[in-house]
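First chain written, first letter: the chains are A, B, C, D, E and F, and each begins at residue 1.
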Amino acid sequence: MKFIIAVIKPQKLDEVRQALTGLGVEGMTVTEVKGFGRQKGHTEVYRGAEYKVDFMPKVKLEVAANDDQVTAIVDAIRNAAQTGRIGDGKVFVLGLEDIVRVRTGETGAAAI
Amino acid sequence: MRKLLIPAVVAGAAAFGLLGTAAAQEAVAPVASDASVYVFNTTLFLISGMVVMFMAAGFCMLEVGLVRSKNAATICVKNIALYSIAGIMVWLLGYNLIYGVSEGGLFGKIGVWGADDSDALGTGYAASSDWYFQMVFVATAASIVSGTVAERIKLFPFLIFVAVLTGVIYPIQASWEWGGGYLDARWSFSDFAGSTLVHSTGGWAALAGAIVLGARKGKYEGGQVSPMPGSSLPLATLGTFILWLGWFGFNGGSQLALGSISDAQSVANIFVNTNMAACAGVVTALILTQLRFGKVDLTIVLNGAIGGLVAITAEPLTPSIGQAVLIGAVGGVIVTFAIPLLDKLKIDDVVGAIPAHLFCGIWGTLIVPWTNSDANFVGQLVGVVMIGVFVFVVSFALWTLLKVTMGIRASEDVENLGLDKSELGLEAYPEFAS
Amino acid sequence: MRKLLIPAVVAGAAAFGLLGTAAAQEAVAPVASDASVYVFNTTLFLISGMVVMFMAAGFCMLEVGLVRSKNAATICVKNIALYSIAGIMVWLLGYNLIYGVSEGGLFGKIGVWGADDSDALGTGYAASSDWYFQMVFVATAASIVSGTVAERIKLFPFLIFVAVLTGVIYPIQASWEWGGGYLDARWSFSDFAGSTLVHSTGGWAALAGAIVLGARKGKYEGGQVSPMPGSSLPLATLGTFILWLGWFGFNGGSQLALGSISDAQSVANIFVNTNMAACAGVVTALILTQLRFGKVDLTIVLNGAIGGLVAITAEPLTPSIGQAVLIGAVGGVIVTFAIPLLDKLKIDDVVGAIPAHLFCGIWGTLIVPWTNSDANFVGQLVGVVMIGVFVFVVSFALWTLLKVTMGIRASEDVENLGLDKSELGLEAYPEFAS
Amino acid sequence: MRKLLIPAVVAGAAAFGLLGTAAAQEAVAPVASDASVYVFNTTLFLISGMVVMFMAAGFCMLEVGLVRSKNAATICVKNIALYSIAGIMVWLLGYNLIYGVSEGGLFGKIGVWGADDSDALGTGYAASSDWYFQMVFVATAASIVSGTVAERIKLFPFLIFVAVLTGVIYPIQASWEWGGGYLDARWSFSDFAGSTLVHSTGGWAALAGAIVLGARKGKYEGGQVSPMPGSSLPLATLGTFILWLGWFGFNGGSQLALGSISDAQSVANIFVNTNMAACAGVVTALILTQLRFGKVDLTIVLNGAIGGLVAITAEPLTPSIGQAVLIGAVGGVIVTFAIPLLDKLKIDDVVGAIPAHLFCGIWGTLIVPWTNSDANFVGQLVGVVMIGVFVFVVSFALWTLLKVTMGIRASEDVENLGLDKSELGLEAYPEFAS
Amino acid sequence: MKFIIAVIKPQKLDEVRQALTGLGVEGMTVTEVKGFGRQKGHTEVYRGAEYKVDFMPKVKLEVAANDDQVTAIVDAIRNAAQTGRIGDGKVFVLGLEDIVRVRTGETGAAAI
Amino acid sequence: MKFIIAVIKPQKLDEVRQALTGLGVEGMTVTEVKGFGRQKGHTEVYRGAEYKVDFMPKVKLEVAANDDQVTAIVDAIRNAAQTGRIGDGKVFVLGLEDIVRVRTGETGAAAI
């Protein structure tokens, strides 16, 4: 099993969620994060003083999935989250050793 | 229905079959009885005082909105406490220092105030109504200081400063003019509602504090200015609207009388000029920030409203509307340019009180002769300088004294964590803020 | 102590050994001196004007609470700017357009206003107090527009619209009635405090704007309505309370006189009817939302208060309390049903200003004849239609002109990111919001 | 310019060439015409009523700031609804229950109220202005209850309680004193503006509610007190400032007359005493929390202001300023010690209404004889006990009845999720809160 | 070593924390997240318009632990977080290659 | 590749970011979190009632990096985030199997 972490643009969350639901993904966890990257923040003026905004608002998506689903999920995220402009984000794939569903105690694939 | 008075009155009267009496009025002489005049004057003080009292809430919201959330609760404590302390100090010391001064004198009487209505018709208003009105003015000056030194000053030293400011510093300088002291008698200095006596006084005390205290950690590090955005601009805007509202009482009430046709006209004209100066300050700041920074800066627009209001405060009666607009517009110019300027000088004025209250207060005071022939430029200058030097020097000394004795500056850790958590042990927005 | 006046007076008088004089009063004729009448009238204008001015803060808080936080700072800029622009435009153009109109005329004088107190006793109030009172009414109409077009309109086109609305559109139609023009002379149209002249006018301008501008992105996509919950319902509630407070001045001050016993009674009755209509609007909306949606909807309850207030504004004097309650209750019904209806029509009215101000304004105007025999249904209908057509058409044309020239709609990216970050380059709540 | 009245008047008058008439005033007898007295009295009621009405917003902000954000929207619904219901109930039942009581009686008339201005000069004020002023007082009592039972009570049972409280419970006990009933006639009980009649009444009803309802889940679990920090202390502070402002109308308006020199003086003295008691409450709470808890507790300081205000409300006229300061200071002491005490007793009073309104109300009522010789300790005690027993017992019974019939307590899940999401289906701060 | 990620219902955080402390767990990191899963959100009405609430508020817990502790920790979380109703959440177990304690520089097990 | 998770004191974020940028790290993701650990919260008094504050505000930093960079990054974080006082935080190193850059679709090292 894999633990997929995606950092995307906030306004893309809905499309991505729908894309994943389309694939039969039944669950995901979302966190509001701030991103720092190539998409250099812009400079702002506040009360006459210039300053750089380094961090851009992003949304982090965590999805646990079976190995066979990973490619599909990663592609789905990519297609849905892509605007082609810098700052679109990244998808990280980590190994996942086990899952437990709190409600039932099921483990492994059954708990996804 | 025509929305003009006469028909309305007739209609109203008719509706109550009082047309006769309504007409009968024409006969009566156009002066109010002394009792009515007395009540009108007292009412003016009380109602004006109420909205000026409410300015304490306005300052609190403006400050709370312009500081970071980790210091917002401390701002609340400071603002409600300073208003309370001002009331007590003006009672114990302030009032008699202001009005106990001898003609042309420099220092009034020391003593607790108590209402004296023995010569009711002589004074023409209830003693307590006047005291109330004067007291809320003093509180205003203290509120100004609070905003400048926010986010890094310790609570108790600040409150001690407020006690001295409201009990001694403000009253002494106010006595020179409103008490009929030196500036009034010798220089026919003119400051109708307190551009200098209230606002510059608060501004000078704030400036001294900002210098002695130093800037917030990180504000001017690495040779650049790091903005520290206010945590709730809607509350800051609400605060500004409340201040604007209060200003009608602040300037209108300073006519000090409402019992005659001429006084009523004066108060009305003051309302209009006060409003128009603020409008001009807002519009000017809006346009200038757009031109200068490429973006409208709400926080400077808010300062622009206040700058316009402070500017017209020295003389809200004699200007024509056009002149009031101009005087207020310059207030908007001043704040737009003075705010970045102070940053260049590394003077950290969290809410922009110094540009709005001190600089615009000076501007408003110096321009009085333009519209009021009773005033002259020299006299105005003397007043501005004399009060400025007095308030700044004494405040600077007091801030320094507090610094060396008990310390006025929160520790770096406290500043990092925020005064709320460290000094008050709570959070202004425990569920939201970062 | 009995909480009834007479004993109190006696007690009070006695306490000051004035019992004799107090008794003596009985002798005096029951009319106030002209000077007193003059001061009373002026004071009514000034105090009423103050609370109506404060309604600008109320609208600002209501809107700021009902928009998403990413647009909250822009709302603040718009609201303080529109109030300021209104003041300037009413001075430059508006007032003389309203009151410079000839009997039965359609178009007033062009010219800057200046206070003329030459015939003090003739007018019976200070010219400036009247101007101030009229000006804050104009600002109200502009505030209404702001709420409807929020979250997607560009700042400057909006401010230009406000300038024309407050300087030209509002004054022209107001002159027809309050200036003693066409509607007043020809149709004895009756609109006591402005259900149509102020609220519907704002509502028509808002409706035109909403149509020309289009809905917020995502609001009506996929054939369904996607709610965009307000970011701070407590601020929206505060705003509603402030508006409610201001309405006492709005309607009470529109009696235009306070100097006689009958006028005092009228103002008092207006206060009560105004309050009861709002109460009824709240309770009705509360019960109806519970019945219709299975849950009380706070935001509609707030609209219900305003709907009730707007409904009673056309005639707050003649209804009995029971009638006032009914008139206000219908206001509550209107908002509850009109809000979802507008969504069906894909008209995106962010704060519900159209139901509350336009629809309830029409209702309140048409029902006037029920309680006021001086008015007749035809006249009311003519007024509603004539003003509606005029304001809607001109506003629609102006919005369209602005659209094709400079553009009124923020780009999709700007809308996504929020107007605050993109247009102002700051955030209303930098530490909290998502 | 000297800031003293006389010169100002002369100047003003001179400026308008009215010096002669101004001088002429001296001739006129020092009583206002009946018409003026009538208008002054009516105006006092209306303006005081306006700021007391605004206290509804103050209570709402105070509560909204002291509850957790998941219940903030429900607080808003409750507060705007309770004010509306109070207005309707005082119209339908309340007023005639209060003032329809016979001399020394216990139960007034049942019947809808309508304005009767037939004997204008007899009463000396517009009937509606008096009704308006009385009505807002009733609403205040209901607001007090809301704060105590917050975060766990169901909406509709609460609103039903409010209807009975404002329509029946409050009016009956108020009639005993302000209606000239039993307590006034038999015991010369004295409660100038309602420390007992308004504040303790609200407090007793709140206490009964807190007991029947029980504490918030988790508040007293594991034998320890778990604080549930307020979600927005700035809004709580704003609310307190609004209440403070309203209190000038609350106490000042209770003089019930403004038409004579002596009445004007009384109102002015009341303003000053009211303000000073609040100042003392703030400063006392500030110092005491620092000493007792090692840290200033903003929320208790806010309660201190209210405690001081409630304490002075029973007799704001006769105390000297020094006495007012003392009376208010004790209010500050009471809240500081009573708040933790209630927690020990496991009585969950979310906003501290019981210490501030009930305990300080009792204190203020019992201390009246110290400054007002017309009152005596026994009479005061009888009033406090009789009203306390009546209100507490009836409220307790009513709460219990509601509990067994429809249930008053939100389910544990609802409480976990928050009343906003579960009862209203929305969030007060959808974008921020946790 | 393992990196345990648990997504639970907010009101269960305290119980879980106590359960873990009971096991001698000395540290954990908590994040507020939004969860999407089988526990379908409910429909709400706002200003007369119906809408679905897809995401439920959840709390994410991260705990680094030695291999021998993992089962105990997972079970403790399960027992404390369980309500038996849908939406109780999940526990994910990932491999953890190294830890460093910033204060001391200790690494590996010693840094936990 | 590795996925580095660091939990640090909020006021240290800027210094850490600069340190990492100095190393040529071009991106990172930041989350506000609450930390529970040896740094026992202090007791506070609210309205006269004492209570323990268990969770301290922390900031979580996530950085994906190539294996050869890991040590440098971990050290940089350590040095920049260290105050020497308890509560400085931790750095966790997890294995990272793949990365995808949403904008371009690049994968692996190229996507970092």
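We adopt the following convention: a residue touches a chain if its C-beta (ideal position, glycine included) is under 8 Å from a C-beta of that chain, and two chains touch if they have at least 3 such contacts.
This one's a predicted model, so the numbers in the text were calculated from it and none came from an experiment.
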Same or different contact residues where subunit D meets its copy subunit B, judged by the half mark: different
Listed chain pair A-B, B-F or A-C that repeats interface C-E [over half of contact pairs the same by residue number]: A-B
Pair joined by the larger number of C-beta contacts - A-C, A-E: A-E
Between subunit F and subunit D, distance of the C-alpha-averaged centres to the nearest whole Å: 52
Between subunit F and subunit A, distance of the C-alpha-averaged centres to the nearest whole Å: 18
Whole-Å gap separating subunit B and subunit C, where each centre is the average of the chain's CA atoms: 29
Per-residue multi-chain contacts in subunit C, two or more chains: 29-33, 36, 43, 47, 229, 232, 238, 259-261, 263, 265, 293, 295, 297, 299, 425-426, 429, 432, 434
Sites on subunit E at which at least two other chains make contact: 31-32, 44-46, 94-95
Interchain contacts (touch definition) - all pairs: A-B, A-C, A-E, A-F, B-C, B-D, B-F, C-D, C-E, D-E, D-F, E-F
Partner subunit F, residues of subunit D touching it in the complex: 224-227, 229, 292-295, 297, 299-300, 336, 339-340, 343, 352
Footprint of subunit A on subunit F - complex, ascending: 3, 17, 26-31, 62, 64, 94-103, 105, 111
In the complex, subunit D residues that touch subunit E: 416, 425-426, 434
In the complex, subunit F residues that touch subunit D: 44-51
Contact footprint of subunit D on subunit E as seen in their complex: 10-11, 32, 44-46, 57
